[in-house]
Each structure stands twice: as C-alpha cells, then as structure tokens.
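The two complexes that follow have subunit A in common; it is paired with subunit B in the first and with subunit C in the second.
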Partner chain A sequence: MQFFERLQFIDRRILFLFLAAALILPFFFPFQQKILITQEVKNFHRTIDSLPEGAVVAISFDYGPSAMPEINPMARAMIEQIFQKNLKLITYALWQDGEPFSIQIPEELAKQHQKIYGEHYVTLGFKPGRVAVILQMGEDIHTAFPMDSKGTRISDIPLMKNIRNYSDLNLLIDLAAGADPDLYVGYAVERYHIPFQAGVTAVMAANFYPYLQTRQMKGLLPGLKGASEYEFMVTQANSRQVTQMMASQSLVHLIMVLFILLGNMGYFLTKSYKKQTQQKGRG
Partner chain B sequence: MVTIAIPWFIVLGFAGFTVYALFKPPLRRWVAISIALAVGMYMFFQFFTTTETPAGEYFNEWFQRFNKWAIIISGLTVILAVGNLLKIHILKVKKLQPGWGYSFITLLALFTMSLFGILGIQFQKEGIPWYQWTFRWLWKTFNVALDSSMFALLAFFMASAAYRAFRARNMEASLMLATAIIVMLGRVPVGDYITSAFPTLTSWILMFPNLAAQRGIMMGVALGAIATSLKIILGIERPYLGGAK
Partner chain C sequence: MNTLTMLAISFQPAKVWTPDTGFSLDGLGIWISAILSLFIFSFLYKDNPLYKFAESIFVGVSIGYLVGIVYHNGIEANVYQVMVSKLDPATLKNLHYFQEIKYLIQHYHSLDYWPLVALVMGLLTLSPFLTARHAWLTSIPFAFYMGWGSGVAIPANMQAAILAQLYGTTYAFSVVGASLLNGTFNLWNLLWTFVMLLGIVATLWYFYFSAEHKGWLGGGVARLGIWFVMVGFGAAFGFTVMARVSLLIGRIEFLLKDWLGLITY
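Then we have the complex of A and B:
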C-alpha cells in the first residue's frame, strides 16, 4: 500500500535529477531523430521561397535571452534562407532585449554570405512604443526609425532609399516570445494588408493557430520543434545544434509523461486498495 | 521626428501647466477627460478614413503626428521608470533595510549598463569602440546568462507541478490529462516512434478544438477591450488620473 501511495508523492529532487540527466546527456551522446515537417512550417518556408530575387523582408525581434534557445535557431535559418535567395533584409526590435539579436545574427551570417551592410541588409535597432511603431511603419518607416542601429540616418542608406512603408516590403516576420504577433495581425495585416508570418515560443504557439486558418498568417514556426523542422528544410540536413536540442526535449517530454502516468497509477491503485479495505472492514 | 515634436511638446506642456495652475481640481479633471475623449475618438474614427480625399489626408497627417508622439512618450516613460527605481533602491541602501545588498547590486547594474550603453554609442562614432564592446560583453555575460537560467528553471518547476497536478480525478481532468499527454508526445520526434498517430492527433487538436477555444477567448477578450476602451475614452474609467473619480 505504502508503495502505491509513494508513487503519487515522489520527491521532486528525484524528478529534477531525471530531468537534468535527460537535458544534458543528449549533448554528450547525440542521437539522430526523424524530423516530420508540419504544414505550418512548410507554408512558412514556401512563403519566403516564392519571393522574387531582390524582394524585401523585414524581421521584428521581439524576444529576450530567455527565449533565445527556441527562437535564435529560427532566426539563423530564416536569415540563411533570405541570403541564399538574394533577398533584402531589414531587422529591428520592439523589445529592448531583442535588439542585440537583431544586430548580431544578421552580421554573423552576412559575413558568411558576403552581404554588404546598407545594400543587402540593414539593422534598425530598438524602438519603444510597440503599437505606435507598428502603425507608424505602415505610414512612414523613416519617421518610425530615423536612424539605424549604428546611428546613420536611414535616408542615407541605399537599401532604405526606396522603402517608405509596408507597401514597399514583400514580407513581414515577427519572432516573438510574447503576444506581439496579435498586434501585427491587428494593426499591420488588417490595416495595411502586408503578408505576415511568425516564429514563436512553444508556450505561445497555440494562441496563433486561428490566424493560420484565416490566412492572416502565411506560416508559423511553433517553438523548438518548428525551428528544427524549418532548419531541416533550409539546410536539408539534420543540424547538430537543433537535433541535439530536440533530443533533449524528446527525453524530457518522455520522462514527464512517465512520471505523470506513475502518479496516476499510484492514485488509482491507492483508491482501489482503500475501497477494498473498507469493504473488508464492513464484511 | 524629434525636431517636429519638440515645439508641440513645449506648447502642450505649457498649456497643461497653465491649466494645472489656473483651474481648481474638478476643472483640471475635466480638461484631462476632454483631451482623452478628443484623442480617443480621433484615433477611433481615423481608422475608417481614406487618404484619397483631402479630408482623409488631413486625418492621416494628424494620425501620424499622434503616432510619433506616442513613440516619444513611450521613450520618455523610461525616465519615470528609472526615477522610481532609484527612489526605492537608494532609500533601501541608505536605511540599510533587509535585502539592501540586492538593491545595491541593482543600482550598480543600472549605472554600469547605462554608462557603457550611452557612452558606447557616442564613442563608437568617434572611433573608440571599446565602450560598446564592454556593453555587449556585459550583456552577453550577465544578462543573457541570468535571464536564460531563470527561464530554464521554469522547466523543472513545470515538470514538478504537472506531475503533482495531473490526476484523472474526474471526466474533465481525464480529458485534460489525455490531451496533455498526446500533445506532449506529438510535439517531439520520439512520439512518432511510439505511434504515428501522436503527431496526427496533435495537429488535429491544435487545428480544431484548440482553434475553436482560442477563437472564443479572442472574441471575448476583444469585446472586453472594446468595452474598457470606451469606458476610458468616455471618461467613465480614468486610470490616467491615478484612478480619481
């Protein structure tokens, strides 16, 4: 009896130990897993793939270091695809913590793809005001972001000379850890009719599925799973980094399910044991 | 943008100060409520205008002006936030209240990051990049590491809470438990190895029951937001007056 009861109340430190092992071990003993590509990720990839050479894509970096492991792989794969397709890139951040990522990631990948700052890509930096910035970008990007992240007037940057507002952009992408895609759908997609898609953390993903059905979002990258699928599509190979991370996530989910099942087993067996004891007592 | 906005701010600031100095409290409140009403109604109606007519263009011009003001005001709120932070933590350090050490670290971090951040931009233009490097190094070494660690801890607490809370006590709890297990396994490659039904079921759950529930929530939230906005615009609720009636 005590054993069944104990199954419901296993010391949390034991659970933590299992979780830590599941998280760390795949980094030392990596294993390959089959990556199934979901429709929302296929759509995301296809939207960028169908853009003509020279088309302009803007990416908003609205996340901080806490969401970095999930969203940075998406950002890297996305910019990789953009540079491979010879598209132009504009990055900016509505979260102050997203600003360093909006600068570092394009700079690193631009070196690999021999892209020139100001001609092939621009980093506009951070701007407070979220809704006001989204709306103002629809009217005039030059007044929403008068300077880029390096302090240069954007009217002096060749790439930005012919870009005034959303109508000059071919695609808008939001990489978000919060509810920012809601704002983009409400204020940019509905008002200015710009094609839009998003990459979000797993905890937020369920909130944005209604926008996929209404086509207000062309595609969606949900969490690390979405990142791994998308990276697989872009690189056509299992990237070591994301596969390792997915291996950890697989093991952690498995352990959580096993513990939940153990807890429930303990609950039902204790309940039935008590029932039997009561019946015996009455008899 | 700043050059356009500054004269407006001086004019409005002066007007606001005059109103504050000349009028008694009830009238002051009515002036604030009138401004909120006028701006709120304007931002609402401009949504239905088109720039193809001269009147629409005029509407759009002011819409853009309000947007620029909102961006500038959002930037200025940092001053308020930093002022408040300083007030609380300096007092705590000064009086050596319990936990004053944390307050001291907060102040140290605030001044260090601000110093290297502000000077970094200025000196980089003059060809002295090490301030900017230091800022980036501090951000990467401290902010990224601390923020990531805090969020990573959540995984452990969530796992522990899920293990303790997910019990099939009744019909509703059993449904939730089954859905959670299917989605947890369907969202990782290992679920597909167990049975290919897991990813298929997960997609179905996300695209149909989840979507229906989310849409219902979204509509409810939108209706609530409309009601709250109308209350604020019409002056029934006045959070911008510090909750004054």
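Then we have the complex of A and C:
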C-alpha cells in the first residue's frame, strides 16, 4: 500500500528529470508527427491568401523575448506569406520588448525576397500608450507614428504617403503575448471595422476563441501548435526547428499526463484501501 | 558511430574570440545569456544567490531598456519632433546641443506647443515622489486619464464583449435555421449550438446570486453551470501548460544549438 501512497508524493525534482529527458531527447532523435490543421488556422491563412496584390497588411508585435519560441515562428511564416503574395507590410510594436522583432524579422525576410524598405515594407518601431495608439491609428497613423524605426519622418516614406488610417489598411494582425487582441477588438475592430486576426501564446489563446464565432477575428494562431500548422500551410513542410519543438512538446505532454494519472491512481487506491480497512475494523 | 561520438563531434560552443575574426560580441552575448539562463534554472533545485543575481540583472536591464526606449520613441518622437515639425529637419540634424537650443529660441514662433500640455500632465503624475506638499497635483492627470479612459472603454467593451457576443449566440441559431432551408443541414452543428446555449444559460444562472440555487431545476442548472466553468478552466490550464512548455523548449533549444552547438538546422 505504501507504493500507492508514495505515488501521490513524488518529489518534484524527479518529475523535472523526466520532463528534461522528454524535452531534450527529441532534439537528438527527432520524429515527425502528422500535422492536422485546425479551422482557425485555415481561416488565418485564407484571409491573407485572399488579399489582392499590393494590399497593405499591418502587424503589431506585442510580445517579449520570453514568448519568442511560440510567436517568432508565426511571425516568420506570416511575413513569408505576405512577401510571397506581393503584399505591402507595415510593422510596429505596442510592447517595448517587441520592437527588435518588429524590425529584425521583416528585414531578414526582405533580403531573401528582394523587397525594398519604404516601398514594400516599413518598420515603425515601438510607441508607448497602447489604447491611445490604437485609437490614434484609426484617426491618423502619421500622428501616432511621426517617425519610423530609423528616425525618418513617415510622410517622406513612399509606402506611407497614401496610408492615413485603418481605412487604408486591408488587414490588421496582432502577434501578442498578452491581452492586446482584446484592445484591438474593442477599439479598432468595433469602431473602425477593420479586418483583424491574431497569433497568440497558448496561455492567452482560450480567451480569444469567442471572437472567432462572432467574426470579430478572422483567424487565430494559438501557441506553438498554431505556429506549426500555419508554417506547414505556408511552406508545405515544417522547418526542422518547429518539427523538433513539437516533438518535444508532445513527449512532455505525454509524461505529464502519465504522472497526473499515476498521482490520481495513488489517491483513489489509497482512499479505497483505507475505506476497506476501516470497514474490516468495524466488522 | 554511436550517439555519444556524434555528440562529441558536433560539440561546437559559441566562440567569443577566434584568430580569424577576432573578438565576437555575439559570442559574448550568447555566453552571458546561457550562463544567466542556467542561474535561473538553478531555482528548480532551490532558491539560491545565483538565481537572485540573475533575477536582479533581469529587472535592472528591463527597467533601463524601458526608460531608454520610452524616452526615444515617446518623448523625443511624440513631443520634441512634433514641436519642431514646422522647422527644417536637415538644419536641425546638423546642429549640436547649444546650437540647437539657440536655433529653437530664435524660431520660437514656429514651434508647436500643444505636446507640452501632454508632457506637463505626464510630469504631474510624478509630483508625490518630488514633494509631499504638492502631491495633490497628481490628481489632475489622473482625473483626466480616468475620465478619458472610462469614456473610451465602457462603450467599446460593451460593444465588443457583450453586444457582439449576444449577436454571435443568436447568429449561430440563424445559421442552423438557414441550413435547414437551403438543404445544408448538419446535425452536429445543431447539437453544438444547443450545447453553447445551454452553457451560457447554466453559467449565467450559476453566477446569479439573487435567488437560491435549490431544487432539481435551480440546483441542477447551477451544477451544470459549474461543470461548464470547470471545462473552461481546464482548457485554459491546458493551454497554459502548453505555453510554459513551449518557452522551456525554446530556452533548451538555445542552449543546445546557439551555445553548445550540439544541434544544427
């Protein structure tokens, strides 16, 4: 009986060791998993795919380095799709930590696709104020972001000359580690009726599903799983990085489920054993 | 060749200095980042000074970065640049500190002073930290902010979170109704629409505290409401676990790939 009691009190450091093994091993012995693409990811891809050539997409980078593993693969695949479709791209950040990503990722991919800064894409950098910035962009983007990330007045940038507010954008995307999509839905979608979708960390994803049914969001990429599905749709194959990350993710989930089952088994068996012993004692 | 031999061959840690390229700032950054990551992971065993050291560095760097970027992208871009927007940018760019101040004084009539109102309002929020006698000044910007914030947030949230969701709930039934008429009826859609309605009614009833939840109907519906709430919590918790594991995977990948060079893509 002691064995079942012990199952309920396994030292957390033993659990950490199992998790570490489950997490590290797939990096050296990778295995491919079948990618089942969910409806919200299909919708996300379709929304960008259906835009006409030259349409303008704005992406808000609202996450920090801690959310990099989940959001960066989404950002790369998204900008890849945007450049493949010859769409125009505007990036900016409402989180101060998001600014480096909003500049580095487009610049890296622009080189591969031979896109020119100022004509095909612009990086506006970080702006403090969140709600105030979202609202001000609805009136005049040039007031919200007088200068781009390089210090150039945006009125001097060819791509920005004819873009004044949300009505000049074809799609708005938020890459978020927090509740920023709530702000966009409340202040940009409802007020200015701009098509909107989001890529978010898994921890926030459950909060945004209600917006899909009401069409306040066109599509949603939830966490690393959403990133892997979307990357597969854009490139027709997953990168080795995402494949290995998903393999680790699945193995860790299996280990966790196993330990939860063991703990519960220990709890119920101990309880039933004690009950039986008490009944025998009374008898 | 066994796995250990392969690992030994592929082991190529990030280099801070090489005879060919000399000192590498990127390499140094990777080493600092890796060592601080290990310090943070040491908390898994127990709290210790190395963890505290890394934690303090993280807080300090974050605040320093925030102050710098808010000054550059907020105050400089939205206050100073807006004030001087009517002046020639090329001339301003070539001037240094005192020359720039002199130039601005000479052209004071061309400056836009409205951003100063926002700047002063912002500075007033700091008044309690400067002098206790003038701490009351902070209520001016906060009154403005609360008034503006409530005015903007209440209708927006009412529309986005309540009215639009009510519409979404009823819209689901109209979709099922339309599918009956145009011959695309699907039994699953009807079933899930009813489950959604049941979930909304039961959860709302559970949070309705003006009537006692008793009897087979009142108590039963409230209990069903708890079940729906629990399923919601379960989904949110599952997503949370997935998110945290993803972050850990990202860090381990950094240590194995960028730092130790054990894996390559």
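By definition in this document, the second predicted complex is superposed on the first by the 283 of 283 C-alpha atoms of A that agree within 3 Å, B and C clash if a C-alpha of one lies under 4 Å from a C-alpha of the other, contacts with A are read in each partner's own complex, and residues count from 1 in each chain.
Quick note on the criterion: contacts are C-beta pairs under 8 Å (C-beta built on N, C-alpha and C of every residue); 3 or more make two chains touch, one makes a residue touch a chain.
Keep in mind the model is a prediction, meaning the values are calculated, not measured.
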First (subunit B), second (subunit C), both or neither touched by A:210: both
First (subunit B), second (subunit C), both or neither touched by A:265: neither
First, second, both or neither for A:15, with subunit B first and subunit C second: first
Which of subunit B and subunit C A:67 touches, first, second, both or neither: both
Partner chain in contact with A:35 - subunit B first, subunit C second, else both or neither: first
Partner chain(s) touched by A:245 [first = subunit B, second = subunit C, both, neither]: second
Contacts of A:179 with subunit B and subunit C, given as first, second, both or neither: neither
First, second, both or neither for A:257, with subunit B first and subunit C second: first
Contacts of A:140 with subunit B and subunit C, given as first, second, both or neither: first
Subunit B and subunit C contact sites that coincide on subunit A, given as residue numbers: 16, 23, 66-69, 97, 127-129, 131, 135, 146, 191, 202, 205-207, 210, 213, 223, 225, 249, 252-253, 256
Residue ranges of subunit A touching subunit B (in the complex, touch as defined): 10, 12, 15-16, 19, 23, 33-36, 38-39, 64-69, 97, 100, 127-133, 135-136, 139-140, 143-144, 146, 150-151, 191, 202, 205-207, 209-210, 212-213, 223, 225, 246, 249-257, 259-261, 263-264, 267-268
Residue ranges of subunit B in contact with subunit A within the complex: 1-2, 47, 60, 63-64, 67-68, 70-71, 73-75, 77-78, 121, 124-125, 136, 139-140, 143-145, 147-148, 150-151, 155-156, 159-160, 162-164, 166-169, 177, 180-181, 184-185, 187-193, 199, 203, 206-207, 210-211, 214-215, 218
Subunit A-touching residues of subunit C, taken from the complex the two chains share: 3, 7, 44-45, 65-66, 69-70, 73-74, 77-78, 81-82, 85, 89, 149, 152-153, 156-157, 159-161, 164-165, 167-168, 171-172, 232, 235-236, 239-253, 256, 262-263, 265
Subunit C-touching residues of subunit A, taken from the complex the two chains share: 13, 16, 23-24, 27-28, 66-70, 96-97, 99, 125-129, 131, 135, 145-147, 153, 182, 185-187, 189-191, 201-207, 210, 213-216, 222-225, 239-241, 244-245, 248-249, 252-253, 256
